[in-house]
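In order of appearance the chains are A, B, C and D, and numbering begins at 1 in each one.
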Amino acid sequence: MKKNLFSLLLALGIIFYFILTPMILNSPILRESSFTTLMYIALAISLNILMGFTGYVSFGHVVFFGIGGYITFALLYYYKISLFLALILAGIFAALIAALLGSVVLNLRGAYFAIATIGINEAIKSLVNNLEFLGGAEGLFFNMKIYKSYGGPQNALWLSFYLLGIITIVVLIISYLIKHSKFGLGLFAIREDEDAASTLGVNTKLFKTIAFMISAFFPAVVGGIFFFKNGSIDPGSAFSLTKSVEMIFMVMLGGIGTILGPVLGAITYDKIKETLLVSEAFKNLHLTISGIILLLIVLFVPEGIIGFLRRKIKVLKNILD
Amino acid sequence: MNVYIDTFINGILIGLIYGLAAMGLALIWGVLKVINLSHGAFITLGMFLSYLIFKYFHIPPYISVFFTLIIGFILGFLAYFISLHKIVSHAKNFKEYELSSLLSTFSLSLIITGFLLFIFATTPMAINLPLSLFETKLLASFFSIIFTIALTLFLYKTYMGKAIRAVSQNIDAAKLMGVNTTLILAISFAIGISLAMAAGNLIAMVFPFSTLSGILYELKSFVICVLGGLGNPVGTIVGGIILGLLENFFGLFVNQGLVPFIEFTILILLLIFKPNGLFGGSK
Amino acid sequence: MPSILKVENLSKKFGGLLALNNVSFEVKEKEILGIIGPNGAGKSTLFKCITSIYKPSSGKVYFKEFDVTNYPTYKKVKMGMAITHQIVKPLKELSVLENVMVGACYGKANLSIKEAREKALEVLDFVGLYDKKDLEAGKLNVPQKKRLEMARALASDPELIFLDEVLAGLNPAEVSKMLDVILKIREKGITILMIEHLMHAIMKVSDRIIVLDHGQKIAEGPPQKVAKNEKVIEAYLGDPKLALKLLKEK
Amino acid sequence: MKKYLSIALALSFAFFGCLDKKEEKGNKQSISETKAKTASKDFIVIGYTESKTGKFATESREQSQGLKLWAEDVNKNGGIYVKALGKKLKVKLISYDDESLKDRVQQLYTRLITEDKADFLISPYSSGLTASAAVVSEQYGKVLIATGAASDKIFKKGYELVYQIYTPASRYLKDAIDLLKEKHPDVIKIAIIYENSNFAKSVATAAKKYAEEKGFKVVVFESYDPGTSDFTTLINKIKEKGAQALIGGGHFTDGQAIAKQVNDVKLPLKMLCILVAPAIDKFKEIGKAALYVSGPSQWEPKVDYSPKTYPEKFYGISSKEFVEKYKKIYAKDPSYHAAGGYAAGLVLQKAIEDSGSLETSKVKNALDNMDIYTLFGHIKFEKAPYHGRQEGHKMVIVQWQEKQNKLDKEIVYPKEASTSNYIPYNKKF
């Protein structure tokens, strides 16, 4: 019991570090880079609930990020409701869509599920591209006035940052609670062997669907915050397949199915990418270099950072999770 | 001419080209059980190779395609050992490497795309032969049929082809029968990449392209593989033709912009109801 | 004694092949019912149809008087059935303890995670896997995996347990250990339905035996009687005399 | 448990503290540096992001090249004279790769403002990225010159400090429709097809509205997906509906494909006017298929914008001079993206000189009152409700014509800029 708590606290500590430093130093540049990092952390943890706990690898998980972004945006744009309400509605709606989609695609296994989720993302992207009230391909743009009701753009950016921080903490705690709950045990049973799980009395279909819903809820909220902060949304940036694969990478990199793993994975991935992007020597070839780094990870550290540490350092074996 | 006849002919031609683009993906998926996410990147690589050969040596794509096939085979062979061998050979069954192979081939695509972007940015390219669009389409379709026949003969009539099919059906049994499975897997991957690049080479003469064009064909190839199944090249071509016809006829009646939505919806429905392709058995 | 399970005219078709043909029988509470038959007789198919792993083509299954034919597997497990697999299905990357906890959490026992842990430890002790509790289940050897299957089933507090060839692949010493466990289970008042290929073993523990051949029930009764049934012997070997000889070698 | 908590927290802080220490130090350093700098400022720092990767890489690269050329020119002359400081300051450009994605645009612009201490900002390429950057620039009160962004929507947002260089999408095809009306009063049915993307859709929607106002009947109005390369079905549809003119397009690749495929089936259109593609030199690669295809362009190397054409308000080098300089360095004709990049710098330079200051409010004032002619054409910004939207700049219409058996891009509209007469598209069949 204690060993698990250690990882949770470590993860919480890390997240607090990213929330507090920009706040204490009152530094917008740190806030911006922390925003990206926290966003990746939250997305990676959410995906891990599906991918790490249940074993279903969604290659199109960004679809919920996009759906959440669009719902939040449209609600604020047309109905001027409060951001908090809009975010919650976006999360709920995304979870409902996940339930609907999940009831069919969760019957697919392995690569077929992966391809189906890519298909879902592309189909929804194309649909949104053609929906006039969502701005179609042009997307929607906020008027600066919207930020005024949150104390001007300056405050709105800080607000988005804090909201994201809260969501990241919430998703981390939820992921921890799930992992150590009866429900989580059921999910792990499904991950290991779905048929065996159902003969042990696990209602696999329901469990998978709930896991899918939870792992859809949080990306939707994060998407809502992200596009609120960005002030505009369009299908290309809302449903980017690359971000989907990045999410998978972050989970893999940190350690699939663990509590701390997605956090470490997201930070490492983000820092690598940020360094490459602004470094004089690499910025022209950063895509190729990240490809090489990722390939090396997949080939040589497939168990991720956590798995690697557990394997190499005996003391950590029972502490890290 | 009647619009419907026009649409029909165009659908078939486009379909053959799509089928050609998907053939490599289907082969690799079928034999290695790897969904090659670098497929699109290799198609793009083929397009640029075709462009460069045409630009500097004035050799038209319908001839340079043979050269591209060889380059593609070599690159594919290398790519297998760089990105897949370690994962595939360590796993007990393909389920174990299903995820990591998706990721390693995706890294491969990042490496290739990053490199192409560095050199060519997203500058649109086109190879302009003194041929009409219809003629280039005919030419590419012709190659599509030739490749289908050649690949089918190879798979069903040669020793190597039979070994590949044996591996695709049951790798353990093939191993027991003394087949060098590593070599077979590497060769299958190399042929798949070679076909992808050849497809790119030919498509470059039909349509303009840029560094990012490959991904579109990759996504279409998923749909085609699911439509036509993974078993044999003929299935893939038929899958391609179905997609080509669907696209063209839908385009007549609904807004063109909605076509991808319809395509991917079909993909999802097929996966759910007919995961082994329209012509395969049920799950 | 009232019957806990009643199977009525159960049939299963795979494409054109009739794997089960109108099989009917009853299982009484607290008895051990053995199901035997040659390879391909439909024994496992019968189990899978009863437990909804396969959907039967026709027929009815009653469990404790309820018509449960179309209940999904997990629901049947929750009602008190427990299933082991012929081909062991450990949850490989979970520990032995966690494996058993899944059974305790989701079977009829329906325990909380804390209670499940205690229950699991108790059951592991019962089947003799206590010292392996923290090992990854994938790392157990075959006999241990078989016992793990049993443990998971037991942890769910079942009323009826399905044992699918739990003795297969074990050496004589292990077989006799396992038989002890089976008898101990019966002492707990749990009904057992077991498939076995090894005839002598099943004869020893079963109260009654059903014989399947080509998807049909060809005999039913106490072990001794069934063993002498010529139809059964013929089904098994095609040569009644040789079969009899084999049966007598225990 | 408390022990674990404290250990965990301490560990994580220590670990990441180490990681980020360097960054913080750098940060503090630059703060003290800038304090010193304001007294003795040597550079005007101009920040922007370039899409070095992703879908906008090509256009963005050219835009950036134009901007760099401007900076070189300025620095060759010793910099921009800032009256308030009483001296000339050189210009320093700082840029990062935004990957053509929204993800990091805001992060990078914040970095440019807070860490690199940019005085002024230039937008990324494309309207979508510009919109993201604008949120940050407004927040920090920095002027953002938007080039490579033709959307109207950004300027509905109530921004105070964003200024557009390009003719906005709503006026993109206006001149083409005027031209059609003028040359072919008999044409009634027209078709508009457009790429389903941000920019093309705004253009097409505005064009449809304007065409209908002018009495045209838009018989086909359809979008196609980005990346579409086969237009056979759409062309069939246009043929069937009997449209006499076709306008539309989106980006280069699709535009080129449309021109080629319309030519293949010999569709006898009176006018074929395509966005983007005809304005780019590579368009001629399709040979005869390019003949008589016309298209709007923000700017052309052939235009003659010089002190001679606009003696009153001209500012900076003439377009001819710009073309020569650009050719010398990059060995090719500049595209309008490049000219737009140069113009963005020029506008900023003019505003700094006019206001004699680097203060946002004063420069803003100068921009609000700006009314100049440059190598890019007329530059003048709208007031509210579309504050900052370009209202001076006009498109030119180019057409590919044949001179001595060679394809050549001529300017056919407006008359004052034209180098040749307009020829109906179907004349070639």
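Quick notes on this structure:
Just so it is clear, contacts are C-beta pairs under 8 Å (C-beta built on N, C-alpha and C of every residue); 3 or more make two chains touch, one makes a residue touch a chain.
Keep in mind it's a predicted model, so treat the numbers as computed, not measured.
Steps from subunit B to subunit D, minimised over paths through touching chains, total 1.
Of all chains, the one whose mean C-alpha position sits at the greatest distance from that of subunit B is C. In this view the innermost chain, defined by its CA centroid being closest to the centroid of all protein CA atoms, is A.
In this assembly, the C-alpha centroid of subunit A lies 34 Å from the C-alpha centroid of subunit D.
Inter-chain centre distance (subunit B to subunit C, centres taken as mean C-alpha positions): 48 Å.
In terms of their C-alpha centroids, the spacing between subunit C and subunit D amounts to 74 Å.
In subunit B, the positions touching at least two other chains are 114, 117, 255, 257, 259-260.
Shared contact sites, meaning residues of subunit D that touch two or more other chains, fall at 52-53, 196, 223, 225. Across the assembly, subunit A contributes 126, 129-130, 137, 284, 286-287 as residues in contact with two or more other chains. Taken as a contact graph, the chains fit none of the simple arrangements: neither line, ring, star nor complete graph. Taken together, the chains touch in the following pairs: A-B, A-C, A-D, B-D. Those residues of subunit D that touch subunit B in the complex are listed here as 52-58, 61, 193, 196, 222-225, 227-230, 232-234, 236-237, 239-240, 251-253, 256-257, 260-261, 264, 282, 285-287. Residues 51, 53, 72-75, 77-78, 83, 85, 89-94, 98, 101-103, 105-108, 112-113, 116, 152, 156 of subunit C are the ones touching subunit A in the complex.
If you check the complex, the residues on subunit A that touch subunit B are 57, 59, 104-105, 107-108, 110-112, 114-116, 118-120, 122-123, 125-127, 129-130, 137, 241, 245, 248-249, 252, 284-292, 294-295, 298-299, 302. Of all residues in subunit B, those touching subunit D in their complex are 3, 6-7, 10, 14, 114, 117, 121-124, 126, 128, 130, 132-134, 206-213, 216, 247-248, 251-252, 255-257, 259-260. Residue ranges on subunit A touching subunit D, taken from their complex, read 2, 5-6, 9-10, 12-14, 16-18, 21, 25, 27-33, 35-36, 126, 129-130, 136-139, 141-145, 152-154, 157, 229-232, 234, 236-237, 240, 242-243, 271, 277-278, 283-284, 286-287.
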